[in-house]
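Each of the next two complexes has chain A plus one more chain, namely chain B in the first and chain C in the second.
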Partner chain A sequence: MKLRILLPILVVLYGLVPFLFGGNNYIMSILVASLTIAGIALAWALLGNLGGMVSFGHAAFFGVGAYISALLTMKLGVPIFWAMLAGGVGSAIASIAILPALRLSGPYFALAILAYAHIFRVLATEFSGITGGAGGLLGIPVLPTVLGYSFSSKVGGYLVIITIIVIFAFIYDRIRNSYYGFALKAMHESEDATRVVGVHSTMLKAMMLFLSAFMTGVIGAFNSHYINFLEPDYAFNSGWTMLPVVAAIFGGYRTLTGPLVGAVVIYTVDQLFFKNYIPSGHQIILGALLGVMILFSPDGLMPLITKKLRWRRQVKASPSPSQETETI
Partner chain B sequence: MFNLILQSLYSGLLSGGYFALIALGLALVFGTMKVINLAHGEMVLLAAYMAYVMESKLGLNPLMAIPLALVVACLVSVTVYFLVSRIGKNRELNSLILTFGIGIILTNAMLIVWSADIHSTAVAAFQEPVALGPLFSMKSELAFFGVSMALVGVLWWWLSRSWYGRALRAVSSNRDAAKLMGINPYRTEIVSFVVAGVLASVAGVALYCTNVIQPALGGSLTTKAFIITVLAGVGSIPGVLIGAVLIGVVEALTVTLFSSALQEFTSMALFLLVLFVLPNGLFGGARRRG
Partner chain C sequence: MMNLNAITVQFGGLTALKGVSLSIGAEEVVGLVGPNGAGKTTLFNVISGLVRPTGGAASFNGANVLTTPMYKRARMGIGRTFQIPQPMHELTVRQNLLVAQRFGTGSVNLAKIDEILAFLHLTDKADRDAAQDLSLSELKALEVGKALATAPKLLLLDEVLAGLETTSKRAFMKTLIELHRVYRISILIIEHDIETISTLCPRVCVLNYGQLIADGTPQEVFSNAEVIKSYTGGGHD
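Showing the complex of A and B:
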């Protein structure tokens, strides 16, 4: 992304948003929660877009990262930011268990990882000696004070999660535009043909899986230090899979900004409106949204918007837009 | 101890009956359209709730709900078909996300209408114990095992002997060739969804009569059905039957030998193991997946 676009965005994210809403704890907490979903949605979309794999198991990576980081800080006193990193690494290591499923194509991978996610919830409940079992972990250390600034407040939490997301988005962008990004893109067209020209496709897919798991794990770790509480049904809740899927599909999982914008919009609207009208079962609207998106605009909303903007610009620029739009 | 193990083998066998019905519905649809219906478990659960409504609101025997459940499950199933067939590109993955969404809709609709409470049948006749030598079961378990086996038998006959059954197998092995032979693939696909609905409705009523139901159950039913299909290898009815009984037995044994919390764990672990070691399933042919 060009600096000309990037700089104003960063100014808004780091300056304007905390300045405008920093005083309002309610708005900030919704924002942080929606950005947590946004982070997972980004990781999910990375796997879906670059790796070509649909995952219904990201709750597992989220939960594993959360538990590892929480336990490291509580039992061993590891500094929190290092523990969060370790949580990500732990999730990536946990994803090794699903590697054999990479041989399976399409639906089989999606369902294998669904089953895989269930396993971790059961494990977290059963190994109660370490994880506290169904009772959960209480009093997980809050985000630390760095250079005199305490990140334990809502605004502090916001700054941490937004930094994580900016870094992840940067990594995603670099990979997408690298040699590996092109190789992965070619794999969508034909995996066999790509293999023939010397791309180790399984290795690349595995790398994307590791990276996606790592990102989700770090987000999970952040969340555990932000809310200071964990239990298996919360950490491995299927909502951590469902919301990001809806967000990514809604925003457009083939774009970088789509999942992020999608998550913030979906989560905010869900919390502010749907939840008020339908207290239990408000996710019915998310399900409907998912269906409508797949049927009418499987590429999501962001590509639709940007296409329209570009088209308009082109109408102004050139007298014959119909030829120009073909080449985009 | 030996008796306990024998008893759990027996209980597992009986619950394998309706597992098989659920799995066969899923496998049938997957065979004809290469679509995994992630809302399949929710459909079964919806049928179970019809039985609950019949018993609690109208005061009738839950068995009377079968016609109602048939209508509801088939309607949902056909709706899923029409929605899935509207997907233009990349149907294999997009249908997965679409049916995932339908599953969310159904789960939450059930949550809204019937709340998150756990329900089970109150008909005493269903819960009467039946002794078979040293082994015990509820009357309803035994009865529904019989019904399930009969239904599987009918399905097997239908698939192998009837015109539609053969058309269905033809479409599932080569859609274009089947079309050239004068088979309408669309109609055949609808039929497969309807049959899946029929199986789901009977399975749902069986679920209600032998077990407890709650809205969150749908997802795990789908997963279980999928596990059985993978164990069986696609396209084998005896395989599905054995896979279903295997899952039933493994879960029952886990509860007896370890704890009920690990019940899901062992079947998932078994599933991943089979998927990795024998990707064509225990009884599947040499066909490569995907």
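Showing the complex of A and C:
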């Protein structure tokens, strides 16, 4: 992404948002929650866009990262930011168990990873000596104070999660524009076409799986220190998979910004409006929204917006829109 | 250079290749012909690593490659094209070649890419979408280009001329002859058209029902009674 676009975005994210909403804990907590979904959505989309894999198992990576980080800080006193990194590494290691399923494609991989995700919920419940079992973990340490600034507030949590997302988005962008990214994109259509020119496609897919699991684990770890509580049904809740999937597809999972914008839009609209009108079962609106989006713009929200912007710019440049502008 | 010894491939109850032995020397151009279903593409799949043989031995430049995965063989110098072109989607023509070069040779050499583009008359299309904006003959040229970008020592061409009309076919044949002269690599080419094969290849091998039934100069092979029988369908019982 160009600096000309990136800089204003960073100014808004780090300056304007905390300045405008910092005093309003309700809005900040919704923002942090939506960004948590956005982070998972980004990691999910990385696996889907570059690895060509549809995952229904990201709740597992989220939960594993959350538990590892919580336990490391509570039982061993590991500094929180290091524990969060370790949570990500732990999730990446946990994803090794799903490697044999990489040879499966499409819906078969999705089913395999769905089953895989359940294993961890069971493990977290049964190993109650370490995890606290179904009772969960209480009093997980809050985000620390660094250089006199306490990150344990809502604004602090916001700054941490936004920084995580900016770093992950940067990594994603670098991969996407590398030769590895080209090969990964091409694997979407035909893996043989890449293997025949020397691409170790299975290894590249595995790397994307590790990276996606790592990112999701870090987000899970962040969340555990943000809400200071964990239980298996919460940490491995299928909502941690479904909401990001809906958000990523709604926003456009093959773009970098799509999953992020999708998550913020979907989550805030859901919490601020739909939840008020339909207190239980408001998620049905999300399903409907997704359905409408797929009907009108199968590529999602962001491709739709960029298409409209480009079209308008070209209409301004030349009085009559040429045929070509329509097909871009 | 490439040595196949008694290669057998079975798909369930079907024997696609039955004890095929074949050697291809350095800088040799060999034609591979045979009726539909004779096992030509299966043999390509065995050499390039897409299919693992049930029996036999395969070595490339002295190294045993029988169980070597496809991506490693590409890096060793075995390049191939697919009968149905398989451009890398969502990439431009140039990016296709760059990916092939980066992963096939381990490094990027932009001048070399430009050279291949020019050689295959793809320079004008270099920045177009490979999967969407190319004609059939351009797609076939791109198939060859991708393989060339991996700097192969042995190039397997699977019906690169099939489906082209006469003019582009002639032009493409010239390019292939030029390719062999410039790049000095071994080429194994599957082709149905006997005239094309006779023009391009000093040596021709014939497969029929998974067995190698003839190996020699075009004159020898195409006057061989068994070969004629296999082509005219003289009652295989």
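Criterion: the second predicted complex is superposed on the first by the 314 of 328 C-alpha atoms of A that agree within 3 Å, B and C clash if a C-alpha of one lies under 4 Å from a C-alpha of the other, contacts with A are read in each partner's own complex, and residues count from 1 in each chain.
By our rule, a residue touches a chain if its C-beta (ideal position, glycine included) is under 8 Å from a C-beta of that chain, and two chains touch if they have at least 3 such contacts.
All values derive from a computational prediction rather than experimental measurement.
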Since both structures carry chain A, what do chain B and chain C do when superposed there: clash or fit? fit
Once the two structures are overlaid on A, work out the angle chain B-chain A-chain C from the Cα centres, in steps of 10 degrees. 80
Looking at the overlay, what does A:Val196 touch: chain B (first), chain C (second), both, or neither? second
For A:Glu126, is the partner it touches chain B (first), chain C (second), both, or none of the two (neither)? first
Given the touch rule stated above, what does A:Ala206 touch, chain B (first), chain C (second), both, or neither? neither
Which partner does A:Ser238 contact after superposing on A: first (chain B), second (chain C), both, neither? first
Figure out whether A:Leu111 sits in contact with chain B (first) or chain C (second), or with both, or with neither. first
Touch test for A:Ile227: chain B only (first), chain C only (second), both, or neither? neither
More residues of chain A are touched by which partner: chain B or chain C? B
Check the superposed model and tell me the shortest C-alpha distance between chain B and chain C, rounded to whole Å. 7
Let me check the overlay on chain A: which residues of chain A are in contact with chain B and also with chain C? none
So, in the complex, the side of chain B touching chain A is made of residues 36, 83, 86-90, 92-94, 96-98, 100-109, 111-112, 115-116, 219-220, 223, 226-227, 230, 259, 261-262, 264-265, 268-269, 271-272, 275-276, 279, 289-290
Show me the residue ranges of chain C that touch chain A in the complex, using the header's touch definition. 48, 50, 69-72, 74-75, 79-80, 82, 86-91, 95-96, 98-100, 102-105, 108, 131, 146-147, 149-150
Interface with chain B, chain A side, in the complex: residues 54, 56, 97, 100-101, 103-108, 110-112, 114-116, 118-119, 122-123, 125-126, 238, 242, 245-246, 249, 278, 280-284, 286-291, 294-295, 298
Residues of chain A touching chain C in the complex: 179, 182-183, 185-186, 188-190, 192-201
